[in-house]
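You will see two complexes here that share subunit A, one where it goes with subunit B and one where it goes with subunit C.
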Partner chain A sequence: MAEPRTDAPIWGMTAEYESPAAIYHAAERFRDAGYAKWDVYAPIPIHGIDQAMGLKPSKVGWFVAVGAIVGVSGGLLMQWFMNAFAYQINVAGKPLFAWEQFMPVTFELGILFSATMALLAMLTLNGLPRWNHPLFGHDRFLRVSDDRFMIVVESKDPKFDAEATRRLLEECGGTHIETVVEE
Partner chain B sequence: MSSFNPDERTAQRMAGGQDRPDAERPRDPETIDGTIIDDPSVRPPLVLGDRDFHSVTETICGWAENPAPKWWMPAFLISSAVSGIGTLMILYLIITGVGVWGLNSPVMWGWAIVNFVWWVGIGHAGTLISAILCIFKQKWRTSINRFAEAMTIFAVICAGTFPGIHVGRVWFAWMLFPIPNYNYIWPQFRSPLLWDVFAVGTYFTVSLLFWYMGMIPDLATLRDRALKRLHMKAAVGPIEIALGKIRAFGYGFFALGWRFSSRGWLNYEKAYILLAGLATPLVLSVHSVVSFDFAVSILPGWHTTIFPPYFVAGAIFSGFAMVLTLLIPARELYPGMKDFVTARTLENMCKIITLTGLIVGFAYAMEFFIAWYGGNVFESEAFIIRAIGPYWWAYAIMFSCNVLSPQVFWFKWARTTPWFIFIVTIFVNIGMWFERFVIVTTLSSDFLPGSWRYYAPTYVDVLTFVGSLGIFMTLFLLFMRFLPMLAISEVKNVLPQADPHGHHGSESGDGAGEKNGKEGAHG
Partner chain C sequence: MSGSGAHNTSLADRGDIRMSPSAARVLSAVLLAIGAVCVGLTLVLGLTTGDKTVARQALASYHVGFLIAIGFSLGAMAIVMILHQVNAGWAGLIRRQFENVMSLVWPCAILFIPVILLSLLGDPLWKWMDPEYVAGDALYDHKKPYLNTTFFLIRNIVYFVIWIWLAHSLFRYSTQQDLTGDKWLTAKARRMSSYGLLLFALTTAFAAFDWEMTLDFHWFSTMYGVYFFAANVGAAICLVTFILLMLRRSGRLADLVTVEHYHDLGKLMFGFVVFWAYISFSQYFLIWYANIPEETMWYQRRQADGWGTIAIALSLGRFILPFILLMPRPFRRSPAVLAFASVWLIGFHALEVFWIVRPQVYDPATYEPIMLNLLDVAAALGPVSLFLGLLVRKIASGPLVPLHDPRMDESLHHKNYI
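Now for the complex of A and B:
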């Protein structure tokens, strides 16, 4: 949908910036103006943009911690169940559950679960996978993955106002200010 | 990130270089491209050729988008034919039994385990480069990490094949996994062979996750470029349009709808650094566990505590060698790759090869010392037989390739001349294969001289190994053809333009905008 439909409701407003520095300062303005449903789109993770946007630290770490606990305790429990309980193998009268021998697999399973959780948490927290999005219908957005920097304010934002938002985007140096319609 | 002095000096140097191009930088495209700077207070540039974001995208995506280079199809046909031979050999093995290999009574483990350990070892470089160098903030890794991670995954695929087929009756391989079954039998978790299943399985999964997650933004870049081409109606003819749609769909599917949002990048970066932190102990543990296959046994020559660190060092050693073996030709064959993979990158890798080669050499010496110092007659005999017994030639190849050949990198010319590095890395690959061969053939002389037997491979052993090289190269050529070979967003992130605070300090973040403003705007 390269041609924007005029009858569809507005999803948001986009503005382009030329460099990480320019968008960094623009982001500070939007943060201070109290916008909530907006985002900075950039081909790279801009260093320090989370502070400029006033974002809270990522929660991925908590998910990974859960993954680690589940992996380690589940791994140990599984080995206890299989070798010390359900199918006991007597090797030279050695104890059935000597924890030392179960450490390598416990460790590996801890890593396996934490790493899987890291990816899943990243995707879940970002709302991915999501293959359709109003921004994908916006041709200029496709340059963001190359070398453009874009601020997008959603119309759902309580502070969104077609005029005021456009003015703010312009004031902090935005070019090509355009509206994106709902898909 | 730019508050350190060296960065600032580099920035000044680069800014100066634009006014007076090549005035102070010696430029010789073959060897020293201006990135080999002996003054440690100057940070050499990571990306050459005055590139901006757009030219980075164009070059790296171009390798995947443009028609294949002329050499690609012949190379692909040859390597897939070789992998076909390997597959036939595996089929023959499964139909007939492990008797088609050269195994005999004391040597129950032959080339299959040698190849397994060799391939897993090679697979260590990728995660080491991505994880450990990431944690140590070695920014030169950004140009090689994708490449090395791909190599890791394909190497572990080849590695995993061998234990899978060497169990003999492959239709029982599922018994390695804790799967409920009608006999109510569970695996024996006190065996290192089972630890191996979990270690290598985890390593493969985590490496794949790491590789894939790092690639999501770059796949999204390829998706957006494919979409843009469709929108611009650049394609002519129904076939080209259909191919364009397939590209957009394929890249788009695996990009999972990534939108380059900063809220997304925040979670992404957190997940990435956590994965790096998790992969670091993992990469060290995997080859330790592989070495337990030998070290936990009670055979002289195998039952030593030095095995885990010695195997890990050897793994890094062989992995870096294999990365260079693949990287140096690719660097010549793909236009523009030399701007990213600089002479400095090659030099750094050579230094790591020399270091790990020395560790491996130290381990060889220490094994002998302990065999003598420990006073165990079986152990000292095992080592004497290893060095001057029937397999003396393998020991000699191992020692000269692994310990002596990397010492040439003490000379600057040797570690900055790509064709020469390439030759040395081939030696290292051979040497590391023989290291595993030497360890495994220790079996041929066991406790009773009456049962000693010489082990020699059959043609099936040899062709299966050659076939695994074919599988590896086939997968690697497909990777080079269709996926982003370098990490686009990470390379962009180490360009000076990526710094939101300009080239001067990062204390306040104010007042640097106008200086930096012009740079991201080309293209």
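Now for the complex of A and C:
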């Protein structure tokens, strides 16, 4: 791993915690202090961390709804155009546009578009894909996939202040408080 | 994250885990009286007029009422065994109400006796029981080794013996644990649920064939058992949700069964709405596509003479509207929406059973088509009302939640994160 540049601007500040309970209560403090650009990293899922962080419900569902509507109406329209309009096919004397026989494809396209939209919306809203992340240059960050819980506050946060943020991280029990520089 | 102090006292010491005995007495007396009056009216109107058509109509609609009642019971039995099998910790607080509904399978056996007796003694509800009707019927001759009165009776006895045994044992394990606190009873119930589910699946599938499908004995659908299962488990979930919401209204279990449990019941309700639609559409679709006369005739009969309107109402009321209504998370967490949805879905479930059974009892060639009238409503309401009256007594007869379930702590602190 390359040595981080010392003259680079500060990207954010990190603090470590020992247990899910400690980081849960620390997250509540940051939520109540009104921070917006920050995150919690943990090696295990922590029940209720969404509420402790004050996260709003995900917006992915709305994209999935759009995908479902496009898939269902597009699927029906496609089959109508192909089988009942442009190239009329008589299947065992059934009506050219019988809703029953179009349901499986309509359903499948609804699922396909919903699932694709879910994946794309999740990636886009997460800011992915990207080549690198400033946290990858921070050696201690590796431990959040092992035995440490970490709060990371970005310097982009309007409430970010090198002194005040450090003090808050300390107050709620954080150790190894360090700054991370831009990549 | 942390245990709340409110639940540290023992469940058994709480005042709000039993239904008020006076309210239960009044409610069950009213329901039983309505049931008795309806059954009496059905007998008088249906069976003493001497009109064969009216008698068949009354018997069929009584059969509808029986099917709705035992559907609740069987659906609840499936849920109880599934909850045991998957070791569902969250459901500890709601399981007792499913057990109460499940335990009423034996009164359903008694409710079924009039259908059998009247079919054996008089004009049978199942046309294949009539030797004159099936004389020279090649399709019937082929099915005769299975579809004869003796084997039909034996099968029905076997179904009820298995169900009563399962329901009685599972209910006893749970209520004994209330008294003794023996944690091993949970393991016993779990073990019984494993083979119990297998027996349940086979018996309900064949019961669905016997009670509903063979009303039109030329017709067959291999997925009919699943169709029956999907509809009835959905109805049982709606009934239990409604019971819990009514108990909540009367100040019972208020901080025990919380919005988190209702949210999960709402998810199950939504799931079974979709499952029912998937199964009933698949059944229709395959028959529609293959277009074989002895398969399509079942749907043809149910799309003619006004029954088609009910078919469209079912697809809207039992699938599309509740599908949209239960989609948003806040709605699945709203007691008012869930109460509305459960009553709505039970209503459409009842309409569906009418739609399955009633078109079968008149011959369109010789009789005027009869749509549903007051006699149908009274005849079906009789068994259902008797069932609900007994259910209220059952609910009031013990604590509303299991008292010593070893997984109860998980249920007390249950939360939905999604």
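To be clear about the criterion, the second predicted complex is superposed on the first by the 174 of 183 C-alpha atoms of A that agree within 3 Å, B and C clash if a C-alpha of one lies under 4 Å from a C-alpha of the other, contacts with A are read in each partner's own complex, and residues count from 1 in each chain.
We take it that a residue touches a chain if its C-beta (ideal position, glycine included) is under 8 Å from a C-beta of that chain, and two chains touch if they have at least 3 such contacts.
As the structure is a prediction and not an experimental result, all values here were calculated from the model.
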{"item": "Greater residue coverage of subunit A in the superposed arrangement, subunit B or subunit C", "value": "B"}
{"item": "First (subunit B), second (subunit C), both or neither touched by A:Tyr24", "value": "both"}
{"item": "First (subunit B), second (subunit C), both or neither touched by A:Gln101", "value": "both"}
{"item": "Partner chain in contact with A:Ser114 - subunit B first, subunit C second, else both or neither", "value": "first"}
{"item": "Contact residues of subunit A, present in both the subunit B and the subunit C interface", "value": "21, 24, 47-48, 50, 52, 57, 101, 104"}
{"item": "Touching residues on subunit C, where the partner in the complex is subunit A", "value": "1, 281, 284-285, 288-289, 291, 329, 415, 417"}
{"item": "Subunit A residues touching subunit C - in the complex, by the definition given at the top", "value": "21, 24, 47-48, 50, 52, 57, 92, 94, 100-101, 103-104"}
{"item": "Complex interface listing, subunit A residues touching subunit B", "value": "2, 18-25, 27, 39-50, 52-53, 55, 57-61, 64, 78-79, 82-83, 86-87, 89, 91, 101-102, 104-105, 107-109, 111-112, 114-116, 118-119, 121-123, 125-126, 128-133, 135-136, 139, 142-147, 149"}
{"item": "Subunit B residues within the subunit A interface of the complex", "value": "1, 52-54, 57, 178, 184-190, 192, 194-195, 198-199, 201-202, 205-206, 209-210, 212-213, 217, 220-221, 223-225, 227-228, 231, 252-253, 256-271, 274-275, 278-279, 281-282, 285, 289, 292, 489, 492-493, 497-502, 506, 509-510, 512-513, 515-521, 523"}
